[in-house]
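Each of the two complexes below includes chain A, the first together with chain B, the second together with chain C.
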Partner chain A sequence: MGHTESIFRLDNVSRQFGELIALNDISFEAAQNEYISLLGPSGSGKTTLLRVMAGFEKPDTGRIHFLGQDITDLPAHKRGIGFVFQNFALFPHLSVFENIAFGLRNGIEDVAGTEIDTRVRDMVGLVGLEGLEDRVPDQISGGQKQRVALARTLVMQPKLVLLDEPLGALDANLRSRMQTELRHIRERLDVTFLHVTGSETEALAMGDTVAVLDQGRIIQSGTPEQIHDTPASSDVALFLNRFNLFDGTLSDNTFRGPFGSAPVQNARHNDTDVYAIRYDRTKAFRKGDALPGPALPARYLASEYLGSSVISFFETADHKQVEVDHHLSFGDPGEYEVGQDYILSWDPEHAIVFGREAAA
Partner chain B sequence: MSTTAPSTERNGYTSWLLAPGVFWMILFLVAPIMMIVYVSFWTQTTFAINSTLTLDSWKNFFSSEAYVGALWTTLRLWLIVLALTFIIGYPAALFVGLLVKSKTVSTVLLVLCVIPFWTSFLIRVLAWRPMLGKEGAINIILQELGLIDSPIEVLLFSELSVIIGMTQIYVVFMVGPIAFMLGRIDRNIIEAARDLGAGFGRIFWKIIFPLSLPGVVVGAIFVSVMVLGEFATSGALSGRKVNLLGNIIVTQVGSLKWAMASVVGVILTILLGIVVAGFLRIVDLKSEL
Partner chain C sequence: MDSKLLKPVLAVYVAAFILFLYGPFIVLGILSFQQGPEGGPQFPIIEWSTYWYRHLFGLTPPSRIAPLPVGEALLRSLTLAFMTMVTATVLGVMAAQAFRRRFKGAGIVFYLIVLGMMVPGVLTGLGTSLLANNVVGVERHWWTTAFVAHVVYTFPFAFLVMLAILNRFDGSVEEAAWSLGVSPARTFRKVTFPLIFPGVLSAMLFAFTLSFDEFPRTLFASGRDQTLPLAIYGTFSVEIHPNIFAFGVMTTLFSFSLLAIYGILMGLSVRRAKKIAMQEDIS
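And now, the complex of A and B:
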């Protein structure tokens, strides 16, 4: 069979809360056995989308298909879609073991006691909770709660697991460890993860497919490379938090902005004219140096040392902050003096330009 | 040792802070109870009492059919009223605390439950007379509807009227604590249970009810403490047909039979102690508050 079967499909799904449009005509299809990350700023409707898919909310219009079946009118407990809550939502009065066994004991299917025992023990081993089976949620750490929440869902052997900002409640250290672990766990089981997050690094790092949600619409989806290298609109570029964005005007293959004018080979259609250049493509020069492209005078503010790179912050005349990401494998960054003026420049070929006059 | 000095100092402060409370409790709780226990062994004659120790009052209590009967009536009514306040109160609490999504609405509903308390206790009890009486509202309505030919007489001045009156007065003490516990349940937990395939019945019995149990226990303690010591409702609604331990204390004190009143008082206190201790064994309230 040439085509991979889709795990779920959303057809024109909309949901409105009073005046607020949470989901605006969303259509989306996902292949089986994938890690999908859904990136969106807060208020973009990403939690609502998950809740509609899980069956906690009904869409106003549109249909939801899961494994080829229309499940729009099916109640949540009959859908067989896993859901991992941001606050974990563990049952506080039950032990770790009983939390994980809950769905097997109380779900739609009758599962024999011995089978429950083996499946829960296997899952406890898979997520690394051995020895904690008899503790209650109050007696375990945040990372362990996360594992219980995951195990409780995975033990039901769902084909699709929805994760609502699952790493949001963990500290930075634990978050990066759980990132790798989530991917490992998913690869070992035949299951699709739909992971909602507000963090662009998390979305790009974890997803086989990344979908970007804004104001209730999916504005781009593709591989992390596609999203990162060719953002479909200036909004996507903004969420990625890796581009310096400049407003200006695009006409006759020339973009006029705060840096003067720059030649443009091709532009992407957008509602506004925006010039985007990646942080790591932007470089700082002293007055008089030879420049690779446009010249943007800016004052040096501060820098952040990130280990493998240094991010320097500059401010332009109109008080816009511009970031320069210098990777240390390219040699030492220059020494900048706070308050001094420098010239920022870049190779115009690396710029991504969005404009109203570009073909859609 | 430098570390012991501040801790003994703190202990010093602690005992000073505790002192007023301890003093108060000894003066007004421990001492009176000791006194009642003591008086229950005094010698009672028809018109006088003296402090010669005797078991007569205790023997009298347990050999009198009326007194022992009152003990059983008290226990029976307590269990019936407790069961009724739970059966009527729990669904109400479930609605107010869990099913109503808006916090404002649930607060308004709780206040509505408390409104009857703005009138005095006696009025609330006596208001049942025109409701339940032979020519009371309920009988009139049932007769008008043609459901009965002659008025139901057991409605008033019977054990039934006492049960109805007590249930109505005390049910709110059951609703409050349960609604409070239900309101504290994280809604995500219920959704998580649904997502794992549990239907409403399973979610209720496995998640909601166990998590509300501390509220049930607190409510049951409130209701038990009040019902076991009751005398006014049975006095006003039973036509003296129902005698509770509380009523006996009132009549014994009224006829200056201090020794017998003390015996009943001691029995009631022990009963309350057993009941409260029993309820506290069901859940560990310390971990809930």
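And now, the complex of A and C:
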């Protein structure tokens, strides 16, 4: 199956809860057989979007298409879309085996007992749950529950699986292992994953396509590289959590901010004027050093050692925190003294500037 | 408050509580072993005997004291309580299930249902009888008017129990079942019902016991065939003998054994859960 045919399409989908607008006129189309991650802060409407797609909730307006068919009015159990819950939602009264077999046994299609057996055993093997078939959900660990939830959904061979923060309930170690495994499992089956997450690292690491959701709107979608390197708005840059953002004014290709003024080659249209420079493009200098660009005086606060890099935190005169990410493959970081003043600078070519005066 | 004062006060309070709760039953229990057939329903015990228990089952030589007319009444009451239990629980589960979605007029419907346990019983009984006789044209029987009155009375209890249970019920397991292609009806049968079953059991127990010893509603609504509480009351109005006490002890033991079965069933499921939790901690 080609990547060109779309798996699902949302046309102007809106959903409102009282005063709260959860989904605001969302239109989105996704290619088949991909890993799509949907990044959004809490309250951005990402769970509502999944629930509307799964059929647990109806959109107020708009249509939902799945494999070329309008499913807006179809009840959840007739959609054939898998759903993996954040809390796993396993059936506590059934064994692991019966949890996985549940859809095959009780679904609309009549599946023969022997076929159920083989399909469940295959799935148990795929997700690595051998030996746990007779346990009940209370007798297995969080990571194992996650696998049961996944196996239970995948055994139905859906074309689309919606995952609602599936790694949120796991500890950090397990999370990174499940990240790899989820991608691996998806690649082996002909299935599209739509993975909702509030973690920018997870979204960028896992998605073939990343869509960014904010206040009920999809504000950007593209490959992880596109999102990371060319955020479409200052909000996207903010969610990515990799940019120092400075307020200021943009006029005549010059940005005036807390660092003085800097030349701007091209800017992206935005509701506010914001200057963004990546953490790892920002560098700290001593007074008197030659600077590659604008000068931003800041006081050193602390550092965090992350293994492959060191993040140093500085504070500007107006109490704004600025982060400097120094990758250790570029040599040792400088020694900074707590409370001392330094100059932060960067190559202005690397900056991404958003402004009202830029063309849309 | 000073704990030196608090403790004795609480002790007296608890003692009084226990006295009033169990005192009547203990007195009844003791007097049920009064000598018969001459011994009356008062202290002192002339001689300990099981005469009144044997009298109850017709195992004593005939005497001037007629056996309690409970045989048929007991059967009637058990049947009525069973019918009421099933109907009230089914209605209670369905109504509570409906309240999971905030439908229009939910508040009014809630109070209408709960009204059934608030309205004075005698009025309900009398009203039901009048309604049946004069408006609908149904004869009064324990299985018609009294049955309806019992359901109206016990339904709110079953409803409230189920409401509390479903309030804590996590609906995502149902959504998970739907997303696996399982219809809502089958999801209820295979997922929801097994999970709320302990609550259903509680609702059934409530409905059964409330119906079994219901008096004021049944008084007018039951027609000529009396239920057990009415039959027993009927014997009071002539003369009281310790055979009633013996019968009281028997029915209480019966209720206790029902409760014990319920307790064991609940205990088993709780212990299973605890055992699993302990295994979790160890591993």
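Some observations on this one:
Just so it is clear, the second predicted complex is superposed on the first by the 357 of 360 C-alpha atoms of A that agree within 3 Å, B and C clash if a C-alpha of one lies under 4 Å from a C-alpha of the other, contacts with A are read in each partner's own complex, and residues count from 1 in each chain.
Here is the rule we use: a contact is a pair of C-beta atoms (placed from the backbone, for glycine too) under 8 Å apart; a residue touches a chain by one contact, two chains touch by 3 or more.
As the structure is a computational prediction, the values presented were derived from the model and not from experiment.
Look at chain A after the overlay: chain B and chain C clash there.
Judged by the touch definition given at the top, the superposed model places A:106 against both chain B and chain C. Contacts of A:91 after superposition on the shared chain: both chain B and chain C are touched. When both complexes are overlaid on chain A, the residue A:152 reaches chain B and chain C alike. Of the two partner chains, both chain B and chain C are touched by A:82. By the touch criterion defined above, A:139 lies against chain C but remains apart from chain B after alignment on the C-alpha atoms of chain A.
Contact with neither chain B nor chain C is seen for A:18 once the two complexes are overlaid on the shared chain. Chain A uses residues 54-56, 75-83, 85, 87, 89-93, 102-103, 106-109, 152-153, 156 to touch chain B in one structure and chain C in the other.
Residue ranges of chain A in contact with chain B, taken from their complex: 54-56, 75-83, 85, 87, 89-93, 102-103, 106-109, 152-153, 156. Within the complex, the chain B residues that touch chain A are 186, 188-189, 191-199, 202-203, 206-207, 210-211. Residue ranges of chain A in contact with chain C, taken from their complex: 54-56, 75-83, 85, 87, 89-93, 102-103, 106-109, 136, 138-139, 149, 152-153, 156.
If you check the complex, the residues on chain C that touch chain A are 170, 172-173, 175-184, 186-187, 190-191, 194-195, 273, 276-277, 279-280.
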